[in-house]
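Shared between the two complexes below is chain A, which pairs with chain B and chain C, respectively.
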Partner chain A sequence: MPGPLALAIWYIGIVLEIAFVVCSIARKSFFRYLFLNTYFLLGLGSDAGRYFFLSKFGLDSTEYRYAYFYTDALLTLALYVALISLYVRVFGELRLNNFVRFAAVLLLLGTALFSYAVVVQSEQRLVTTFAYELSQNLYFVGLVLTYILWGAVLKLRETRTRVVQFILSLGLYFSAYAACYALGNISSRHVAVQYMSGAIGCLLPLTWTFTMLRHTEESRLEPARLLAVAR
Partner chain B sequence: MSRKLAALALVLAILVCSMGLKTALSSGNTGSAVMLANGPAPAPPDLPTKPRK
Partner chain C sequence: MMAALIFAVSVVTLLMFFVSYCRSLTAASSSYELSKEVRDVTGIHAIASGRDFARVMQLLQLCPERPEDRPGLRAVAYYFEILNLLQKTLARLTPSIQSWAEQERAGCANFAVVALDRRIAFSREILAQQGEL
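Moving on to the complex of A and B:
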């Protein structure tokens, strides 16, 4: 089993994921942000499955590794869909929904194809390596997409507080993971990097729950004038 | 048709940016597995290496 700090971070993360879903139901926004809620519900299911394998077989077991990486690929796909749902929300007024959906599917296929091309000659189990590679690549695609979406929010002068804060939180989350990835590449066995990854995992449910609690659907926010792009 | 081509160009540009960023961030890789993962669960040391029988 992992240390008490890692377990504490995990439990806090689970509580925050539950809190987001409960807050959306209480605020009657569950179906409005269905894909965001689906991501956390899948996260909770993954946590249950991971906990089962972790407690039964241990952290270093092959079973836990398989459970971890397959659920991670599933969660990354769910997060990608959640991000696209925010795109649809932002570009909805421009009637670009079909274009966004088409581009999203094309991008997902392109990423899958690229990941397959990378792992096809791997000596390891192909499906596992593919799931891992796809998950990692989708992270970086998500990171770039989030920054593009933030640019669109500024350009279109999006004012819905919840949407703006969801996007900003997502940008923070992806950026923190990217920083963790870079740090891990320099020193992957450093203890701080392992705890950082778990702590960053708590960041998204924390900020989204805060947004859901603090702001209503009618709340409006204007991005700072300095950041706004002149038309 | 032009919309589809625009989508394709956009997708390729995003893919190139993303993979370029990934490569740039992993340029100091020491060879050991480094992962990004969803959620706060403790990450296993690395990928499973041997196929199951």
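Moving on to the complex of A and C:
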């Protein structure tokens, strides 16, 4: 079993995931942010699955590693879908929904094909190095997509506080995760990186729950205040 | 090499998203109208300045905590520390950064004052509920 600190971080993450779903229901926004909620519900499911493999096979078992990295890949995919739903929300008024969906499907197919090509080339190191590098790359692609969406938010002068803060939180989460995975690759997966990765996992449900609690759907921001420019 | 590049880019974007996130927090409280109580308690009658931040944070410790305030206050406190560091280093060389950082520090102080106002209102609600019991 993992140490008490790692377990504590894991439990905090689970509580925060539940908190977001409960807040969405309480604020009558569950269906409005369906894909964000679906992501956390899948996260809870994957936590249960990981716990099953952990208690049955142990922390160092191949089964647990497979379960960990494949549920991680599945969750990243779900987070892509959540991100695309935010794209649809931002571009909704421009009636570009169909284009965004088409581009999203193309991107997902492209990512899947790329991943498959890498799997074929590196079958023998599927569990360890490959899975780790793949996660790092997936988070980095997520970061680039969020950065583009943030650019669109500024360009289109998006004012909805919830949407803006959801996107910024996602950007924080993807950047922190991509940096953490890359640092793990550089420092040969130092133990501190494992704790960091768990703590970063709590960041997204924490910031999203905070946004859901603090702001209503009607809350608005002045877009000019979001630009960090020293004049 | 690839990992080092991803690490460098991610750290830069992490900082950028953190600054934007904190700005979105402070911007959300910029249009808030302060109550008379909080203006009397803090002595801030018009606009808060960066110098008020530490004092307001101390006053916040005296009020019962609202759980929904905690993550935002913590993020803004970190942002304030980054701005302080910026003022002590880079801003000494560039006046435009100096004035920008001061403006941002004032935004952080305003966020804290709004949080204090909400906590005072929250305390009053609790007292009123206890009075009813």
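A few remarks follow.
One rule holds for everything that comes next: the second predicted complex is superposed on the first by the 209 of 231 C-alpha atoms of A that agree within 3 Å, B and C clash if a C-alpha of one lies under 4 Å from a C-alpha of the other, contacts with A are read in each partner's own complex, and residues count from 1 in each chain.
Here is the rule we go by: a contact is a pair of C-beta atoms (placed from the backbone, for glycine too) under 8 Å apart; a residue touches a chain by one contact, two chains touch by 3 or more.
All of these numbers come straight from a predicted model, not from anything done at the bench.
Bringing the complexes onto one copy of chain A puts chain B in a clash with chain C. By the touch criterion defined above, A:60 reaches chain B but does not reach chain C. Within the superposed three-chain model, A:72 lies in touch with chain B and out of touch with chain C [touch as defined at top]. Within the superposed three-chain model, A:140 lies in touch with chain B and with chain C [touch as defined at top].
Of the two partner chains placed around the shared chain by superposition, chain B is the only one that A:10 touches, whereas chain C remains out of contact.
Judged by the touch definition given at the top, the superposed model places A:38 against neither chain B nor chain C.
When chain A is checked against chain B and against chain C, the one touching more of its residues turns out to be B. In the superposed pair of complexes, A:29 makes contact with neither chain B nor chain C. Of the two partner chains, neither chain B nor chain C is touched by A:97. Shared-chain residue A:165: touches chain C; no touch with chain B. In the superposition on chain A, contact of A:47 is made with chain B only, not with chain C. Shared contact residues on chain A (touching chain B in one structure, chain C in the other): 136, 140, 143, 178, 181-182, 185-186.
Those residues of chain C that touch chain A in the complex are listed here as 3-4, 6-7, 9-11, 13-14, 16-21, 23-28, 30-31, 68, 71-72, 94, 96-97, 99-101.
The residues of chain B lying in touch with chain A in their complex are 3-4, 7-8, 10-12, 14-15, 17-19, 21-22, 25-30, 32-52.
Residues 136, 140, 143, 146-147, 150, 161, 164-165, 168-169, 171-172, 175-176, 178-179, 181-183, 185-186, 206-207, 210, 213-215, 219, 221-222, 225-226, 228-231 of chain A are the ones that touch chain C when the two sit in their complex. Per the touch definition, chain A reaches chain B in the complex via residues 2, 6-7, 9-10, 12-14, 17, 43, 46-47, 50-51, 54, 59-60, 62, 64-66, 68-69, 71-72, 75-76, 79, 99, 102-103, 106-107, 110-111, 114, 124-125, 128-129, 132, 135-137, 139-141, 143-145, 148, 177-178, 180-182, 184-189, 194, 197-199, 201-202.
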